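Look for subunit A in each of the two complexes below; its partner is subunit B in the first and subunit C in the second.
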Partner chain A sequence: MTARPRPRLAVWKFASCDGCQLSLLDCEDELLAVAGAVEIANFPEASSAISDGPYDLSLVEGSVTTAHDAERILEVRKQSKFLVTIGACATAGGIQALRNFADVGEFISAVYARPDYIKTLATSTPISAHVPVDLELRGCPIDKGQLIEVLSAILAGRKPNIAAYSVCIECKRRNTVCVMVQGTPCLGPATHAGCGAICPSFRRGCYGCFGPMETPNTAALAHEWELLGASPQEIVRSFRSFNCAAEAFRKESEAHGI
Partner chain B sequence: MASKTIKVDYLARVEGEGALDLEFTDGRVTSARLKIFEPPRFFEAFLRGRSYTELPDIVARICGICPIAYQMGSVHAAEQAFGVSVDGQLRALRRLIYCGEWISSHTLHVAMLHAPDFLGFPDAIQMARDHGDLVRNALTLKKAGNELMRVLGGREIHPVSVKAGGFHRVPTRAELAPMTETLKRARDIAVELVRWTAGLPFPNFEQDYEFVALRHRDEYPLNEGRLVSNRGINIEIADYDSEFEERHVEHSTALHSVVKQRGAYQVGPLARYALNSDRLPQHIQGLAAEAGLGPVCRNPFKSIIVRAVETAYACEEALRIIGEYEPPAAAAVAFTPREGTGFGCTEAPRGICWHRYEFEADGTIRRARIVPPTSQNQPCIESDLAAVAGGMVDRPDDEIRHRCEQAIRNYDPCISCSTHFLKLSIRRS
Partner chain C sequence: MQDTMTAGSKAVLSSDALQALIVALARQGYTVLGPRVRDGAIVYDEIASSGDLPAGFRDRQDAGRYGLEPREDGAFFGYAAGPQSWKRFLHPPAQTLWSAQKTPDGFTISREEVSVPKLAFLGVRACDLDAIAIQDRVFCEGPYRDEAYATRRANVFIVAVNCSQAGGTCFCVSMQSGPKADTGFDLSLTELLDGTQHRFLAEVGSEAGAALLAELPHEPTTGAHLAAADAIIDNTAKQMGRHLDTDGLKELLQASLSHPRWEEVARRCLSCGNCTMVCPTCFCTTVEDHTSLDGFSATHVKKWDSCFTLDFSYVHGGAVRTSGAARYRQWMTHKLASWIDQFGTPGCVGCGRCITWCPTGIDITEEAAAIRASQCVKEESDGGA
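Right after this comes the complex of A and B.
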C-alpha cells in the first residue's frame, strides 16, 4: 500500500506581530509530530525551504494594510484549498485597525519624518473582507490548544471543536470568582471564549482579545460598566482595542458618543 | 564590465518582512541596503489618548516574540513619570518573567532559526533528522522559558499580568516550586547547548563595532542600568537623544538609529556581553571561556554562542530568584498618576528597547516614542553585509547569498518589531 501524500501546509504573514505563527513553534510537545503529519511547504519564519503551491491548508496571520497585500491575499486564496485565519489581526483587523477611526495621513506624520516614503492604506481590514475564509481562529494571540485542534480536525477530515460561547463559561469552569461582582469592569460576558479566561484568574477584567462572541449583548454590558463607574471614554477604549474593527465591538464603541 | 544580479525575495527564518540589495561595481561592494517593507502599524500614533493602564497590553502587540520587553519598557517609563518605585520581590519577579522571555526567544533563535545555517539545513525540523536529541532538548529548553512566562503572566505570548506598579497578581511559592526542577533541567541543556554551539564552523570575520548596552551596578543587565558604549558613552537613559538619533531612510519602514558622532552601533547579545561579561557569575564566565569567548567577541557569527551563554545565565538567574522568593504583601505599589514624562529602557533579547512617554495628569498618554532593537541594528547589519560580501566578491552567487542571509540572521532581526521583512537582490555592474 502506498502512503497517502501528507497535506501541504503554508503559513502566511500580513500586518502583525508574528505572535500567532509563533504559537505553532510554541507547540513544543507537538511540533515534531505536526511536522511529521503535514508537509511544511511554505513557512518562511521557520524554514528557508519554500515550495510552490497549491497548498492544502493555509494559515494566514495579519491584516491587510497595503495595496500590495490586498493583491497578495488573492493569490494566497487561489493557491489554498482550505484557508484559516489565525488571530485578531487576520480575523478582525487587529490593533492597527485603530487607524480606521482616525486620519491615517496624520498617523504617518506622527511616526515618520518622511511621510512620502510610506505607502499604506487608510484602513486595516480582516482577510474575510478580501477573500472567502474557511475558518477563523480568534485571539490576540490564538490559543495553541485551539490551533492543534484545528490542525487535527483538518487532518482527520472532521469539524474542529471550537466553542462559540463567552469567556464567562470558562471562568465558571475553572472556578474563578466573577471579577464584575467584585467591582472590576470585565469584557468577558461579550467576549468569545478560547483563552481559558486568563485575565480574571489574574484578578483583572477580560480585555476582549478574542473579540466578540456570537450575538453578544454589548449594550447591556456597557450599561453594567457605567454602573461600576466606568466613564464613556473608558467604555469606548475598551471596545476599541485588539478587535476594534469587529462589527459588534465597533458599533458599541461608536454608541458612546466619542 | 560584467554585470550580474542575485536576488533573495523573502528572507526566511527572521521575524518580519524585509529584503536586501547588494550592488557591486568593479569588483567592489558599492551599496548594501537592508530593505524593510513590513507594513507600518503606527503604534506611536494610536497610543496617544490611551490610558497608562492599557499601555503594557498594547505595546506587547508590537512583537509576539518579545512582548515582555515592550511591557517592561513601558511600565518603567510610566513609573518614572509618576514617581513610583518598584523594588524587592516585585522587582525580582519582573526579572524572573524577563528571564523566561530570554530563554524562550534565545532558544528559538539559536536552535531553530540560526543553527540550521551552520549545518546546511533549511530548518530545525529537517535538522532534527540528523540532530534529533539537539532539537528535542532545545524544545524542552524553550518550553521551560515559556512555562515561566505562563506561571507569571498567564500565557507566553502577550502575558497579562504586568502593570505599572507591579503585577495584577503574583504567584504563590507553591505555584513557582515546580519550576525549580524544570529550570535545573533547562540549565543543563543550556550548558550543553553552549558547548555544542562552540563547535560550529565559524567564518573568520571580525568588525570593530561600537557596542551599546545597559550597564547596572551589580547585575547582568535586564531591566535597568545606564546606557554605555565601548567608545565612551555613559549616560542616563533619559539622555538618549543627546548621543543618538533616528533617521528615516527611503528603503525602510523602520527608522535607522545612529550614534550622532560616529554612525552605526550594535545592540544585543554581543554588545551586552562585551560591556557586562564581568557581571556574569564566575562559572558562567568560565563556561564562556570554555566555549572560546574572550571578554569581548567581535565575530557576529559567534553571537549564537553568546545567546546560548545568556540562556544558561537566564536559567541560573531564574533559579536564584525562585530560591529566594517570598510573596510580597501586595501585587502592586499603589500610586496616583500625574502629569509628566518618563523613560524606560530594558535589554530585550535583541538589544536595548527604549521608550519615552508624556502623560496628562490623569495618566492619559500625550506622546509616545519607542526605539526597538532591530532598527538600531539595521545600519550595523548593512555594514556587516558590505564587509561580508566584499570579502567574497569572486565567490559564486549562491555562496554569497547564503552567507549574507546568515550575516543578517546573526542579529536575530525582529523586523515586525522595527515595524518592519527581507528580500535580497545582488546587482553586479
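Right after this comes the complex of A and C.
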C-alpha cells in the first residue's frame, strides 16, 4: 500500500485580513494529516521556507485592489495547476468592495496624511474577474471543514461536496427553530450554505457570510424583511457587507435606493 | 386492577398519570421524546418528566409566522403541530451508510451499524401519525426496503394525542388525517379540561399499549367522558385554520402544468427548501462520498435533500429544473397529485408546517385554490363561448 505522491501546495495573499489562511492553520486535528498529504511549498504565513513553482494547488486569499496585484494574480495562475479561491474577498471582493459604491479618491484623502503615497484601484474585484478559477470556497471566513473537504477531494480526484443551496437546509438539518418565522430578519434563504447555519442556532439572523446561494430570490426576501419591519437602510446594509460586490447582493442593495 | 385491556379499550387517567406514563416508558427502556418549549417554540425533544411538557403555552401559527402565547387552563397539549415533525427521529437528517478502508491488496467495506434506541413518542398528532404511515409505505414497501428505517420504526412506542385545538395553518380535516387519531398508535389520549377537573381519556391501540395502560392508575370511563372527548374533537375539526378542496385535485393539477400561477408563486418563492425539510412525509435524500486526507478511508453519507435545490435535478450536463416555477410545481404536484400515482395516497396530511415555516408564507392550500379558481373561470368562459 503506497502513499500517494504529495502535490505541491501554495497559499497566496491578496487584499484580505488573513483570516481564511488562518483557517488552514486552525485545522488543529487535521493539520498533520494535511502536512502529510501535501508538500507545503509556499505558505509564508506558516513557514519561511519558500520554494519556487509550479504548484499543483494554489489557495488564493484576498481580492485585487492594486495594479500590482492585478499583475501578480496572472503569474500565480501561470504557476498553478489548480487554483482555488478561499473566502469572500477572493470570491466576491470582500468588505473592501464597499469602495465600489463610492469614490475611493475621497476615502484616500480622508484617511491618509499623504494621499499621494497611495496607489490603489477604484474597485475591489474577485480573483475570477482576472483569471480563470477552478473552485471558489465561500465564507467570511471559510469553514475549515469545507477546506479539508476540498483538499481531500482534490487529492482523491473527486468532486468536492460543496453544496450551493440555502443556509436554511443546513439550519433545518440541525433542528434550529427558524428565527425569521419568529420575527427576526434572516439572510439564510438567499445565502449559500457552508457555515452549518451557525447564527440562527444562536438566535440571530444569518449575516450572509457565504454570499448568494445558487438561485437567490433576494427581492422576495427583502420584501419579507420589509413586512417584518426592516428599514430600507437595514436592508441595504445587510446585503452590502462581506459579499456586497457579489452580483445578486449588489443588485438587491441598489434596489433599496441608498 | 382486574380489567383486561385490548385494542379499543378506554379508560380515564388523572393528569398525574402522565408522570406515571413517562416513568413506566423509561422503566421499559424507552427514551421518551415529547413536546417542550425551546427557543420560543414547542419542539419534540427528550423529556424526563411531565414537568417538561409545555403546560401554560399555546402556539399562534399563520403563513410564515409562529409564536408562543401563555394559556391559563394548564393544558399540557394545548398547541398544534411543532416546527419539525417526528421524521427526524425515524429518518435522520444525516446518516453514514457505509465506510471503506484501503488494505494492502484492495479495500474492505463495512456497513454502518444502526444504533437503535427504543424511542417513545409522546404527543403524536393524528396528522403526524398519518405521515408516519406514509413514510412506512415509502421506506418499507416495494422492492427497496430501507432496513435502517424499518429497524428504528419497529422500536418506537407511540402515544398519540387527539388535538383539542387546531393551529392556524392546520387542514387535517381536508386531508382526512385528523384531528382524531384512529389508528397507528399504541395508546392515544384526549385531554379533558372542564375547569374543575384535568383528566385524560386513554384509548388502547396495541397490545403494548394495553399492557402499559394496565400499569397506570386509571378509572373506568363514563358516558360523560366519552361525550366530552367527542365534543372536543368535533370542535377542533371546526377550527381548521386552512381548507383544501381535494375533489379532483390530482387531475386538476396534472392538467395545469403550464398554468401561469407557477410563475407567480415563483416570484415569492425563495427556493430555500424549508417546506420540504419540515414536511413530515418528504423523504428525499442525497448521498455524498467523503475521503480522508491520506486517501486510506472513505465514507458514504446520506443527507436530507430538497427538490428546491439545483443539484436535485442534476443529470449529466446540468439541472433539469432551472426555474423556481419548475421547482415549486414539482414539490406541489408531487405532494398533491403524483404521490397518489406512486403510493396510493396524497403526500400531504394537512399538518400546515410548510405554510407556517415558509419564510415568505407561501400557502399550499392557497396555491391549489388559485389554480382551481382560474380553471373554473376558464371552464365558464369555455362553456359560455
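Everything below uses one rule, namely that the second predicted complex is superposed on the first by the 253 of 258 C-alpha atoms of A that agree within 3 Å, B and C clash if a C-alpha of one lies under 4 Å from a C-alpha of the other, contacts with A are read in each partner's own complex, and residues count from 1 in each chain.
One rule holds in what follows: contacts are C-beta pairs under 8 Å (C-beta built on N, C-alpha and C of every residue); 3 or more make two chains touch, one makes a residue touch a chain.
In this text, all values refer to a predicted model and were calculated from it rather than measured experimentally.
Touch criterion met: A:L155 reaches subunit C, while subunit B stays clear of it.
Between subunit B and subunit C, B contacts the larger number of subunit A residues. When both complexes are overlaid on chain A, the residue A:R203 reaches subunit B and subunit C alike. In the superposition on chain A, A:R4 makes contact with subunit C only, while subunit B stays out of contact range. Contacts of A:S166 after superposition: subunit C is touched, whereas subunit B is not reached. When the two complexes are overlaid on their common chain A, residue A:G183 makes contact with subunit C while staying clear of subunit B.
Using the contact criterion defined above for the overlaid structures, shared-chain residue A:A220 touches subunit C, although it does not reach subunit B.
According to the touch criterion, the shared surface of subunit A, contacted by subunit B in one complex and subunit C in the other, consists of residues 203.
Partner subunit A is touched in their complex by these residues of subunit C: 38-41, 43, 64-67, 83-84, 88, 93-94, 102-104, 267-274, 277-278, 288-296, 303-304, 306, 308-311, 324, 356-357, 359-361. Touching subunit C in their complex are the following residues of subunit A: 1, 3-4, 30, 33-34, 36-37, 148-149, 151-153, 155-156, 158, 161, 163-166, 168-169, 172-178, 180-183, 186, 188-190, 203, 213-215, 217, 219-221, 223-224. The residues of subunit B lying in touch with subunit A in their complex are 10-17, 38-46, 48, 50-51, 54, 57-58, 61-65, 67, 108, 112-113, 116, 122-126, 128, 135-136, 139-140, 142-143, 146, 154-158, 160-161, 167-169, 246-250, 253, 255, 331, 405, 414, 416, 421. Interface residues of subunit A facing subunit B in the complex, by the touch rule stated above, are 13-20, 22-23, 25-26, 28-29, 31-32, 35, 40, 43-50, 65-66, 69, 94-96, 98-99, 102, 104, 106-108, 110-114, 117-118, 120, 124, 140-141, 195, 198-199, 201-204, 207, 209, 234, 237, 241-242.
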